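These are the structures, in structure tokens.
Two complexes, one shared chain (subunit A), two partners (subunit B, subunit C).
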Partner chain A sequence: MVDKGLERTIAERDHFEFLLKFLEESPYETSHLLIPLVKANLEHYKDTVRYIEEGKPIIASYFSNAPEIFTAMDIHWYCPVSAAFAGAGANPYLMNDLEGADKLAVSSDICTLLRMAMYYTEAGLLPRPTAIVGMIIPCDGIVALHEASRRSKQWRGIPMFAPDPPYFTDERSIDYFAQELRRMVDFLTEHTGQKLDIGRLREVVEVTNEQYKLWQEINELRRAVPCPFNWGVGGGPFALTQNRWVGDLRGLEWFKAALADSEKLVKAGKGWLENEKIRLLWFDVHPTWFFDLAPWLEEEWKAVIVMDMFSYCPYTLVDTSSEETMFHDLAKRNLMDTTMIRQAVGVADNFASDLVRIVKDYKIDCVVWPAHMGHKDGAASVGIMREICRDLGVPFLSIGIDTFDPRYTTPDEVKNTMSQFFTAMGLG
Partner chain B sequence: METNLKSKAFQEFSNAAETLVNPVLQRWKDQGGKVVGYFCSTVPEEIITAAGLTPFRMRATGSTGTEESDAFYSSINCSFPRHCFNQVLTGDFKFLDGIVCVNSCDHVRRIYDNWKRFVPTDFIEMMSLPRKTGPDQVGWYTEELAMLKDKVGKHFGVEITDDRLWEAVKLHNETRRLQKKLYELRKQEKPPITGAETLAVMVAGTAMPKEQYNEKLRELLDELSGTEGPGGHRARLLIVGGILDDPAYIKVIEDQGGLVVTDSTCFGSRLMWVEVDENASDPISALAQYYLTDRPSCPRMYGEHDNRAQYVIDMCREFNCDGVIGERLIFCDSWLVEHYMLGQDLKAAGIPMLKLDREYLTSGIGQLRTRVQAFLETMGR
Partner chain C sequence: MAIFNAYVKKMAEYVEGMRGKGRQVREFDCPGDPGKLLEELPVRVGPEASSGIILRGDTFVELGNPDVGSCAFLLWTDNPSLVGDGKITLIGPNIQESEGASLPFGQVLMVRGAGLGKEEHSALEQNQYIADQIEGYMLKSTSERMWGRVSKDAATKGFDFDTLGKALMAIFKTAVPKVQAMEAIFVTSDKEDVRHLDNIAEQVRKISKDITRETWLARGYDILECTLGWDCNTCSDKPVCDEIREVITVRKKKIRKTKTSSNQ
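On to the complex of A and B.
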């Protein structure tokens, strides 16, 4: 019987081989930052194939589950939605995947990412994991996805644990989530046989701490006018702290290189873009078709994505002095820092205060809320965002897109909407 | 609502389901009584009752539009919070003396944020409801409830003692027993009360002081006991879904010949099928255990699908149902996937299921009729 999960993983691995070769043969300005990201992905897929072929335990998990713990336990894991997140550049099967998801008997008003994940599971396109660590945060849809995964034909019977996220971020909540992470460790040990070495966890966290420090420095430099940061590597910090090369020194090197690029431009009084005219806050994650939109924004409107949801986090540094402090701070980091989790979980004050701070600190000219069709808590917060921007005197645009499906609102339609907005607001 | 029941008690329930402030509630207010609104059936009414207040389950009955709330919500939001917040903005909920919210779903949880920011309110609280149902989560929710008890007591100047809480638990358990008796009558071949009428009774139970409600429900049960309905329906149905508080929706189904004899909804059987343990060591942990774990859950809770599906199958067998109608408010992720899975579970159990998407205000009646008729026909009825 054909193992479709293995087949697909091999195909994705081969695609990253191709991408790497292409980038190495056609160097351009940001190749030195993109190549390590592709290498990290390639290595990941190679390891996944090897683990499947050797019959070793593999975990399916998601971001915000303290990936430092996985690294410290020497557990290989993959994220079931990484292909959906990758976009057409890194996932040549994107349109087929979307069409496959469309065929599920599930209405399209649920987040496309979740429909795609259901499709990947039901179609057997994911490697069958030994166990699953779920993520039941920050939206209703993700909880539903996990219920569907549990009872799908392909994954039925696979043990699953999901840390329960409290709604608040006070000390009591952080302590509760830290206990959930401890229970996750017990679960992983039970199902993989791997044990957590606290000394190893400290080593890993010390590296991610350094990564977060550099990330903070990069973000500090993004305040500069003109902005030195390029949208194209915007997802890198997130990928390297929550997904690939977590706690790996090569990831640290990437942050150093990214920081050096920004420092060089700031020292020279230059921005990534010449004649920067519009400083834009893209208040969500990048859509997978951003490669179509962002260069156009730069060329047509001299608009720079100064800050976005992938990049903005408060950089909780983990106190490595004891096991207790590490679990406490990892809980805090994963409840309060992670992309989308920070903004969507909990009361609206969380994202509202970020919005105010970003607009002020980053000298933002306009705020764009892309309004991804799956972000329903955000859709229910649009009045709050609008009011904040009105108080700050910053134009606000809500579009209505699908982060994962360019057919929902096409890139051309988005461009048209943004052009009308910039023109009406006298920007650019 | 249109009904064949001659009962005066039922008429009061029916009126209560059709309005926000029913005469019983108005009398309570006129006598200086206070009312606290709450979102989601996971908020323990008992704590509110124990403070000498009347709990009021939030709904948007009587709403006609979302003109005011459209500036706060988007078109991809469920129509329940949009209508409900519209009524908040137009002042329809001024009769409330406080609000208790939980992070029930992505749409409704933002009512708390919008309400707090844009509508001055003396008492508005948010609780953190776990996504799982294990002992650790019961422990967490026990703490949440203890904090809520203290805040309610402090704000309304009442000491909510354990004795008062146990008294409230007993009172609410009595409500549950009475409501269950009403459901038991529906097991008859010719039930003396329809699904639409039952929903009116259930909705009224979330909008009246419990003593008066129980009294009237006893009256109704006495009247219905030993009687039977007209019969002649084409099929016996179970309805499963979330916030369904409009009897008119069920009436459309029943007018096609599909008698709704039971349900798994959050204004229906999930509210009362099991009781709070009156022998537990303390009332707050008993409430946490009940609301989080013991009662049938809704699909916002992780890891419980199999139990939820089993509950539906068991209810179908107990009430001798021919089929199931799953209703979902458009844009509700939780019920979308739940119905997707439940459809497979019911198929395996040999029970046909019709899935219906709807808006909060009953509309598209022609289409609803057609789909129900077609469903009944596919069942050979």
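On to the complex of A and C.
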């Protein structure tokens, strides 16, 4: 009999198995880039099933808990919120999951992603981990998620630790967070029996450093006019640096291949769209229903998402010269640089300075702040973003959506709003 | 305004210190007029002068890669005795001497103008990042570090630090008309030499942040801190914090009690 907590994981594993077979049997121009990503996911889900079935320790954690440390300790982990991105595409269970989340006795103004994670826990859709490493940034909602996990019937009694993130970003704060990461290592050792080998950590971090450099290089190519990529290009780098195959040489090979392909496109002067008219900055994460909106933007308005919050990559490269420098720089990267954390925990100046650089460097024609209902931190910075865009002479649109729930503001409503905006601003 | 004057003086000491260490220090003079500055350049300068991209294979020299060090900052003053006009100082090898190299990179720009004040600070800061304005020269779109490339084509045309300095002067004088005089210091000699600049940069960045904050405050926004001023007595969220403290106290008592009973 299949453990209830593995039901969704097994479905995911089977989905990626099918996808891999399909891609290998029907190769096309860019399938050599897609296949490694599918393999990374397949391997992840297979491992999760195997670990649970064999009773091996498995950790539930989050992308901003220095995943290099997990790799270096040879600990298998999964992210509880990733179930919302099932299939790495349009989530086939979305409506069911949303309705499940709606039924929870949880305030509906908490980020839907977090409410979905609460639902997954309550409904037994997540494998029961040996221990949990929480992430209590960037928002209040995620703290509520961990409280809900602690009290849920399914997960009650599971040991939990969360590195304590200071609000400030000075050296004292970074050192403090580095110490918290060391405490995380102790916690992991206590509950998995695995130990951290500093030499192995150095190897892993050196690989991720290279990956971040190559990611940066790929990003630079998006400055080309016309832009050689569409919105999908940011997913792979994020997945491979912070979720799957972290610090794995196979991931590094993917970056090298992706960059080589990208350079060919730029050299050929080939744009993603033949007639690019609008270079758009989507200044937040992609909605799970972007598969509907983004192609429409391209077809209807010749608008390309040149840059977005997940893709922009101002990550600290870790100094691997000593254990101290590694922990220090990993703390800095995870406390200050990671997507959403940089913007939501950091000062509004991060929003402001990133916005100026991106608009100028990437020749942005308009900025869209989608205003996800859970990103209240960003909502507090809308005025600042608007003022900056006025200074730069770039039109700015704040919409008001739910990144995970297309019922909140439907894709059609968003399309209508964006059409009105483009028309009023004389774009496209 | 004298906000950065002490640091302009420190830069003069820094250059002398580098001479004292035996570093190769070269100085170039150039005209003050932006039009004349542009006339002398081997590459185009101005909006859309470049695509903004230099591929790895087209790179003649890389500047400021994180592996070799990078530091950049800007100082401004209204004191004519501190900043002259059109002086470019290069400490270390020039572009043409460094084919295929990855050089450490320090860039300190010092500008002077009679009416320069905090209002111009943001524009001055932003103009350090040239985006697409210099043909054959690219700055990567990263925060916190100046990481650039010079293309093979530009190097063939004669692009060097004299060119870069002149181009930056033309860009600044055009974009911020209050800039009357400008000097540039480039450091490519050694990672440690660039790291020494960090000591000055750290202080300069603190001041810069304060000015940025002040400018935004005047527009009605605090971009660095909670505007409540950390006075709990005037904060409307005080009841929430009080409740959290109570919960923590209860929880701690509970944990203590559990530990005590399990020890017995």
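Observations
Simple rule for what comes next: the second predicted complex is superposed on the first by the 411 of 428 C-alpha atoms of A that agree within 3 Å, B and C clash if a C-alpha of one lies under 4 Å from a C-alpha of the other, contacts with A are read in each partner's own complex, and residues count from 1 in each chain.
As a working rule, a contact is a pair of C-beta atoms (placed from the backbone, for glycine too) under 8 Å apart; a residue touches a chain by one contact, two chains touch by 3 or more.
Because the structure is predicted, anything quoted here is derived from the model rather than measured.
Annotation: superposed three-chain arrangement on subunit A; subunit B versus subunit C shows a clash.
In the superposition on chain A, A:220 contacts subunit C only, with no contact to subunit B. Once the two complexes are laid over each other on the shared chain, residue contacts for A:317 go to subunit C alone; subunit B is not touched. Of the two partner chains, subunit B is the only one touched by A:373; subunit C is not. Shared-chain residue A:58: touches no atom of subunit B or subunit C. By the document's definition of touching, of the two partners only subunit B reaches A:143; subunit C does not. Looking at the superposition, the partner that touches the larger set of subunit A residues, subunit B or subunit C, turns out to be B. In the overlay built on the shared chain, the residue A:348 is in contact with subunit B and with subunit C. Of the two partner chains placed around the shared chain by superposition, subunit B and subunit C are both touched by A:384.
Contact with neither subunit B nor subunit C is seen for A:23 once the two complexes are overlaid on the shared chain. Judged by the touch definition given at the top, the superposed model places A:358 against subunit C, while subunit B stays out of reach. Clashing C-alpha atoms between subunit B and subunit C appear in just one of the listed stretches 278-286, 296-304, 314-322 or 368-376, and that stretch is 296-304. The contact surfaces that subunit B and subunit C form on subunit A in the two complexes overlap at residues 347-349, 383-384, 387. For subunit A in complex with subunit B, the residues that touch the partner chain are 104-107, 109-111, 114, 118, 134, 136-137, 139-141, 143-148, 150-151, 160, 162, 164-168, 172-173, 176, 179-180, 183, 344, 347-349, 371, 373, 376-377, 379-384, 386-387, 398, 400.
Of all residues in subunit C, only 51-53, 55-57, 66-67, 126, 129, 131-132, 138-144, 209, 212-213, 216, 219-225 touch subunit A in the complex they form.
Interface residues of subunit A, counted against subunit C in their complex, comprise 213, 216-217, 219-221, 223-225, 263, 266-267, 312-314, 317, 347-349, 352-354, 356-358, 360-363, 383-384, 387.
Residues of subunit B that touch subunit A in their complex: 71-78, 81, 103, 105-107, 109-114, 117-118, 126-132, 136-137, 140, 143, 299-303, 305-306, 330-334, 336-338, 340-341, 343-344, 357.
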